[in-house]
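Going in written order, the chains are labelled A, B, C, D, E and F, and every chain counts its residues from 1.
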Amino acid sequence: MAKIVTLGEIMLRLSTRANTRILQTDDFYATYGGGEANVAVSLSNYGHEAYFVSKVPTHEVGQAAINSLRRYGVHTEFVSRGGDRLGIYYLETGASCRPSKVIYDRSHSSFSEATPQDFNFAEIFQGATWFHWSGITPALSDETAACLREALKVARQMGVTVSCDLNYRSKLWSPEKAQSVMRPLMEYVDVCIGNEEDAQMCLGFKPDADVQAGQTDADGYKNIFCQMQKEFGFRYVVSTLRESYSATRNGWKAMIFDGEQFCKSRCYDLNPIIDRVGAGDSFAAGIIHGIISGMSLPDTLEFAVSASALKHTIHGDVNLCSVEEVMALAKGNGNGRVVR
Amino acid sequence: MAKIVTLGEIMLRLSTRANTRILQTDDFYATYGGGEANVAVSLSNYGHEAYFVSKVPTHEVGQAAINSLRRYGVHTEFVSRGGDRLGIYYLETGASCRPSKVIYDRSHSSFSEATPQDFNFAEIFQGATWFHWSGITPALSDETAACLREALKVARQMGVTVSCDLNYRSKLWSPEKAQSVMRPLMEYVDVCIGNEEDAQMCLGFKPDADVQAGQTDADGYKNIFCQMQKEFGFRYVVSTLRESYSATRNGWKAMIFDGEQFCKSRCYDLNPIIDRVGAGDSFAAGIIHGIISGMSLPDTLEFAVSASALKHTIHGDVNLCSVEEVMALAKGNGNGRVVR
Amino acid sequence: MAKIVTLGEIMLRLSTRANTRILQTDDFYATYGGGEANVAVSLSNYGHEAYFVSKVPTHEVGQAAINSLRRYGVHTEFVSRGGDRLGIYYLETGASCRPSKVIYDRSHSSFSEATPQDFNFAEIFQGATWFHWSGITPALSDETAACLREALKVARQMGVTVSCDLNYRSKLWSPEKAQSVMRPLMEYVDVCIGNEEDAQMCLGFKPDADVQAGQTDADGYKNIFCQMQKEFGFRYVVSTLRESYSATRNGWKAMIFDGEQFCKSRCYDLNPIIDRVGAGDSFAAGIIHGIISGMSLPDTLEFAVSASALKHTIHGDVNLCSVEEVMALAKGNGNGRVVR
Amino acid sequence: MAKIVTLGEIMLRLSTRANTRILQTDDFYATYGGGEANVAVSLSNYGHEAYFVSKVPTHEVGQAAINSLRRYGVHTEFVSRGGDRLGIYYLETGASCRPSKVIYDRSHSSFSEATPQDFNFAEIFQGATWFHWSGITPALSDETAACLREALKVARQMGVTVSCDLNYRSKLWSPEKAQSVMRPLMEYVDVCIGNEEDAQMCLGFKPDADVQAGQTDADGYKNIFCQMQKEFGFRYVVSTLRESYSATRNGWKAMIFDGEQFCKSRCYDLNPIIDRVGAGDSFAAGIIHGIISGMSLPDTLEFAVSASALKHTIHGDVNLCSVEEVMALAKGNGNGRVVR
Amino acid sequence: MAKIVTLGEIMLRLSTRANTRILQTDDFYATYGGGEANVAVSLSNYGHEAYFVSKVPTHEVGQAAINSLRRYGVHTEFVSRGGDRLGIYYLETGASCRPSKVIYDRSHSSFSEATPQDFNFAEIFQGATWFHWSGITPALSDETAACLREALKVARQMGVTVSCDLNYRSKLWSPEKAQSVMRPLMEYVDVCIGNEEDAQMCLGFKPDADVQAGQTDADGYKNIFCQMQKEFGFRYVVSTLRESYSATRNGWKAMIFDGEQFCKSRCYDLNPIIDRVGAGDSFAAGIIHGIISGMSLPDTLEFAVSASALKHTIHGDVNLCSVEEVMALAKGNGNGRVVR
Amino acid sequence: MAKIVTLGEIMLRLSTRANTRILQTDDFYATYGGGEANVAVSLSNYGHEAYFVSKVPTHEVGQAAINSLRRYGVHTEFVSRGGDRLGIYYLETGASCRPSKVIYDRSHSSFSEATPQDFNFAEIFQGATWFHWSGITPALSDETAACLREALKVARQMGVTVSCDLNYRSKLWSPEKAQSVMRPLMEYVDVCIGNEEDAQMCLGFKPDADVQAGQTDADGYKNIFCQMQKEFGFRYVVSTLRESYSATRNGWKAMIFDGEQFCKSRCYDLNPIIDRVGAGDSFAAGIIHGIISGMSLPDTLEFAVSASALKHTIHGDVNLCSVEEVMALAKGNGNGRVVR
């Protein structure tokens, strides 16, 4: 299998259990996650040699973050140690008409203050096939944007394929700032992943459909995919499409465009949703796996959307599914009969 | 914001977790609640100075009940201490076709044996805007009915607005006894809240619609509201309407009548229900907040029904929601997108 | 009430909680169950004198298995002690599009190595009305098949009615082996219970309907029931019919045939399913109770399907419901209103 | 083994976990216990046919109390059903210099309002060898005292040996009331168990030693044992002796007198104490087992004190130990090496 | 009782349960605490009107910190809202030879960035008797030192008594910085509390005894107390003295000096220690309560040391004890007999 | 650091929490461990490249065992997959006078049925410095003994140092069988670790001291060490010495002999013991680390005994301690002051 590198932040996630509210809990379920770390775990579960690159404090909480990745086979020898703190986010899982709530406490984290000196990218990319990053990494700080730029340059030199999940975060930067940073980075990107909001905020593309208002006709996206592909030369443009009915029930599908073919996936009726955080990351990992494995365009898309449908049923940021399980759903009828 | 007083019993609630049955648990989740206490917590969460008046034992379990209210900002200095025990109720939360089950163990509680000497209502109502009580309070014992009568007289003298949630409990009294006690008390009531069963059992009004049989057309209630308003001179008559599909899924809406205008609310499809105990109390608190805040009649109703829709998603008797959260649901589309 | 005997294996069940995956848990919820043990618990809950016959190790885990049955009133004095281990199964409960997963670790269990010398069936069946077993018992080993044959002979001699739940398990034997063992045992059976897969694998009958493909028209089963009744002389042929929409939502109904009358039950929409393991056993117990109690054919069927609908809402293998609760659902509308 | 009957109250025990205080917990560990019930469980664990006689409510909490006894093999068919409530006690386990705290909420329980009509003692004592009761039973109410008197008369007529654990409870009655009730009942008692406080409060005997002040020389008790034996004709007088160093560490020993021989046991240094509630009951059960089994006087005493030393290490009211485990401690050196 | 004000930081404390290590937990027990907040809770438990002054974020975690104080009766209306984050500390409780470990993550907290504009001290001290602060407050930042200076000036003007717990924290500042800030603040202090390390690091006084090396003779402290009293004019100088035998067992005593009388307390053998965090704060609160209540010097000291001995047995930062419980230990023998 | 290989079985450990008994739990704490796996984790924690070699089933429970090792950095690429089951052991942790209890359910495990074909030892030992095994591995089956023999031969050829922890298990083999297998394997061993019982049962050496009887004078062991060293040519002979006072309190020390120097370690008073399983393994790992790191003989011994003293305070089989933590205890006074 392939060597794949991801670069980003890993945070301590403190979530309440069983739909309790932060105001009533005296118990936080502690897991660790972050966009690029989540992608690395999925890819390791699919049998790849996944390497996560980041920076965490030397203390035990930093070590616990590393251990959470090693547990699932991710290689962590390029995680730099030092800095002040591990970023945190609090998660309160909603239900029915009550939305989930995320409170970020990630400022001043070790990774957000990392500099290019923390990483030897020539060594890191030795033998690598793929590099994945998300828009969160350059949004964290000018320093992390510099690290990313350095990584992209080295990756380009070493012939590594690059995927980017745009992943716009309004708490981290404004659309103006995002576009000024992200648009120049697109020249390094082969596979661009992002939903309609991401494309608009990070790249300045406005989708025709109005998703907030519930219009989620996949075909409305074909046009914008073409424009994106034309402007930046992406080999693949990919997007998920979420239909929110309640905090517990969503529709979930996706689209991919390779410059020629535009595919729409099957739509999953996710009910109940156990944990939707990290669904986008599990989708990105599915796309990467499909492409690396030489799947057809529709098969790649179905693999990715099925992988991320399963993610909605799993606690924590990371998608604990094997290729076999994803395939069983992608090829099957999803009727949920017990596997004995 | 306003000073609001509520009078009633607070109980220890022992509930099983995660849909386990009483017969299989060795662990009870302990919270504290009761109709009027629940209303006080909601109102405190909305920024009011809420005072809960009751009587609890001097021991630690009584203190824990008080602490559960202080935690959410309710003033408890008028809770009398003494008597033998804190009332208890056991709750087993159902699922799907299995209904939830409540076992009461509330006889001989400190509050049920309280007398008017336990409370100085002139001091309690000093500066108060509103007094709320439910039909449970006079149902507990002749002593608590006497306390309530005394409170109502003083409230009337001091110009305090009075709301009553009829809240019929067949385990506590018969319809005959209920009507003989409740009907005379209605002269003190400005805002009367109750569903169809309450109106029939406590006041002797029979709704046209047959709710048990699933007929829940809101319009069928207009006539009875008029009659109630005419007989007792209520400023507002209010009712919720629950459509039970299963222990996990309900429809939920409400109606209000101010003598002139009859409003029906939007209907919420609650699925899954996390905990429906206290939904009526959270509704009553929403009505009180709407009226005190000078909202329009429809806005008051939508605020209240949205507040109580949210309550169905929250563990415990009390509704841990802010005005902002209730508003976001009342004004929004309830699609449950993550709040970051 | 009646004395009823069941013979089979009881296992330690190690299940993850709250939809967590085995890969992420450090906590197993430990209960004990097995087809025939589950039937015994249901029947004890209905007021019968239920006796479970098996063999478990002398150590504390074996004792805990016995205690789990005594707790619900099952008589365990005929459980033999000895052998090496208690069989185990791991259960990971799915959700939505992710199916539940069962991992068996039951080889070399004490019961699977039991021999007829471990049981004195003449003493065991003294005064008994009914004997129930499932296809799992003879599938475990040639030794358990021998025990069962001995039990059936003695039961026949002593005039005990016999019910069998075919319960095919592909991990335990092939269809060929199953049919070679099961078909000869059918001569002892009065009541044959099994779904379409069981009938095919254990007895060689192929249903007309294609259940995997979602065709679950009850009428399609009438023909096969007639054939089964004709060939083996069963007094009753009974089957459940599960429509799987997802791991969380199923349809559930059943059919019975007494040689003359063919009845179809109401269909339950089970959503959410808390725990579907043991649903078939709770159905079998319902059929046995209905017949012993002299209910009519349709009432027997409705009792059994209602009992097993309730089982889907209860954690663990065993169905913790009283006759009153089952009746309330069978006679009611299943709207899930709180029982106070 | 022998048929042994005990009569008394069983309560729901709500205890905090891991030394948390009632004021900070939202979780109660629920077990069931009571003096005579605890004795029955110990005796069942030792292989006897133990019958517990009591009255509990018909609801699920009453049933759960019964199930807690059946689980350990105690026969419960003579437990009457009805009445209002199951008595409760709250337990907060101390540590170091902080004492454990018990809050009783047992008034108006079903058993405390039971009458002789609830029990058919002639049937209950059929074939019984032994009857055990404690001073709590007659202290609960005049009704329970009447039940006990009836039981003792029938037991006497049927030649059943009677043991009594004096068990004085200052929350239930005064020394005067206790003596007026208990002294006449002593004529029925063969084996009298109680510590120095019990003997003083229930029977009016003042020990020479001052235990509160830490004087716990066993020999000081010989004189009082003689007097008790002389006055009431007891076959055995037995007492435990606790030296309290802290909530976590106690010394524990016992004495027995059969009218001729006076034996003192080995002293156990209990550190840490996991749960000391029910230690006296486990001791009483040990004495009963020793006598019934025909052990020598010293062996009986060592068995009982060793059994109750083990109880201090076990959560809950009941002593989950086998004869083999008690013997291993009584005969061994208590060095705590792992048993593999 | 008195109105007492404390000023400082409150943090979220994330601790592992039951001696697990951070590296192995997926569950943090969440409580809230901080030196001055802990003092406020103790004083509220003793019946005083305690006001905690601080600044926390507007989000739910900030609100939860406030609620944790309101629960125990502390007034929080002067807690300013805003800023970025709530400080956090991770706690891993040791055992035996393994020490407890604290990891701080408190930089950039809302309180550490608070300014005098956040607080109206003239309003805050209206009617107040006492003001308590610790050396942590000025150590957090120059801004908090400025807030404290402002508070001290206003307190002085309004005749409020001031106590200070020196509480040196090497992670927050150097001895040089500490002394340059703390020494000038001593002019406002009436009651100075601190152990030997605090006196040395914050004020530059070197104790004669070598505590790390285990020399903890209380008399060795008399001389240094005299010097401190002379230099700064303290009304009382107070210190605790901890003898560490292991993470589980400590000796604990204290000394007080009022310029004339030098008292030593009884020494408590704390074994096991449940949670020693906040022991110093519970001691300070005991001293304040003793002085305000007009206890004698020795009684004040014994009250305080007994209160803090109890704290070692209670989970969390705050001391959940009543005056009665503290008195029972101070006056009693600490033998830990069950309180029924 | 060094590459170190260990070969053995890893089991699922199901332990009760907080001193509960197996008979009363419905919850097992699931961890994974085994002698050689535990050594590998310790060595990885010390910075070495530790490789664990074994065989586990392909299902999720087998994967979870692997993940438990990867989490702490152990390399698992040489773990073969297949076979029927993962071995299990149940652990009930004792307290005070109640001993801990282990129930093994390890027969027929994947590893016990592994054959030399499952492992390519030439590849495994490539670049390795050290190979560690315990007496459990050859005791499991003739097949595992064959695997071990093959490993030892290859290790010898490749110049790898070999350590053996004798680890006699009476449940697995008799002393006769043990000696017939173990003695010939000693020719490959450089470092022999084992307590007095191991030396006697596995090698036939009878210690002079009688440990069961409490005679644990270290000097009594010098003679036997000399004999062992002489007969088998060990470079080091090492032993721990446990003094059992209770299940909660032990003394713990060790001895080492290098053919010339005989060293005794400091003795640790372990109180309370949190979890003593794996203490011997943590000791062995300490010895290996000391020797590889070039520590002096006494420093090696103190490092190992300090590491294993810490293990007694940590839940689970594996020792989660860093070199720094072990050093801090070995060099310090163990007084347990909080590390901030």
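Just so we're on the same page, contacts are C-beta pairs under 8 Å (C-beta built on N, C-alpha and C of every residue); 3 or more make two chains touch, one makes a residue touch a chain.
Since we're looking at a predicted model, the values are computed, not measured.
Peer 1: What is the set of chains touching both subunit B and subunit F?
Peer 2: Shared contacts of subunit B and subunit F: A, C, D, E.
Peer 1: Mind checking subunit D against subunit E and telling me if their interface is mostly the same residue numbers on each side, over half, or mostly different?
Peer 2: different
Peer 1: Could you please state the distance in Å, as a whole number, between where the Cα atoms of subunit A are centred and where those of subunit F are centred?
Peer 2: 41
Peer 1: Quick one: report the Å distance separating subunit B from subunit D, using the average Cα coordinate of each chain.
Peer 2: 45
Peer 1: From the mean C-alpha coordinate of subunit A to that of subunit D, what's the distance rounded to whole Å?
Peer 2: 62
Peer 1: On subunit A, where are the residues touching two or more other chains?
Peer 2: Each of 18, 21, 23, 26, 67, 101, 272 in subunit A touches at least two other chains.
Peer 1: Per the contact definition, I'd like the list of subunit A residues that touch subunit C in the complex.
Peer 2: 17-18, 268, 270-274, 309-310, 312-316, 320, 325, 329, 334-340
Peer 1: Mind listing the subunit B positions that touch subunit E in their complex?
Peer 2: Per the touch definition, subunit B meets subunit E at residues 67-68, 70-73.
Peer 1: Enumerate the contact residues on subunit D facing subunit E in the complex.
Peer 2: Subunit D residues touching subunit E: 18-21, 23-24, 94-102, 104, 169-171, 214, 244-250, 272, 276-277.
Peer 1: Which residues of subunit C touch subunit F in the complex?
Peer 2: Per the touch definition, subunit C meets subunit F at residues 14, 21-23, 25-31, 59-61, 63-64, 67, 84-86, 88, 90, 92, 101, 103, 105, 107-108.
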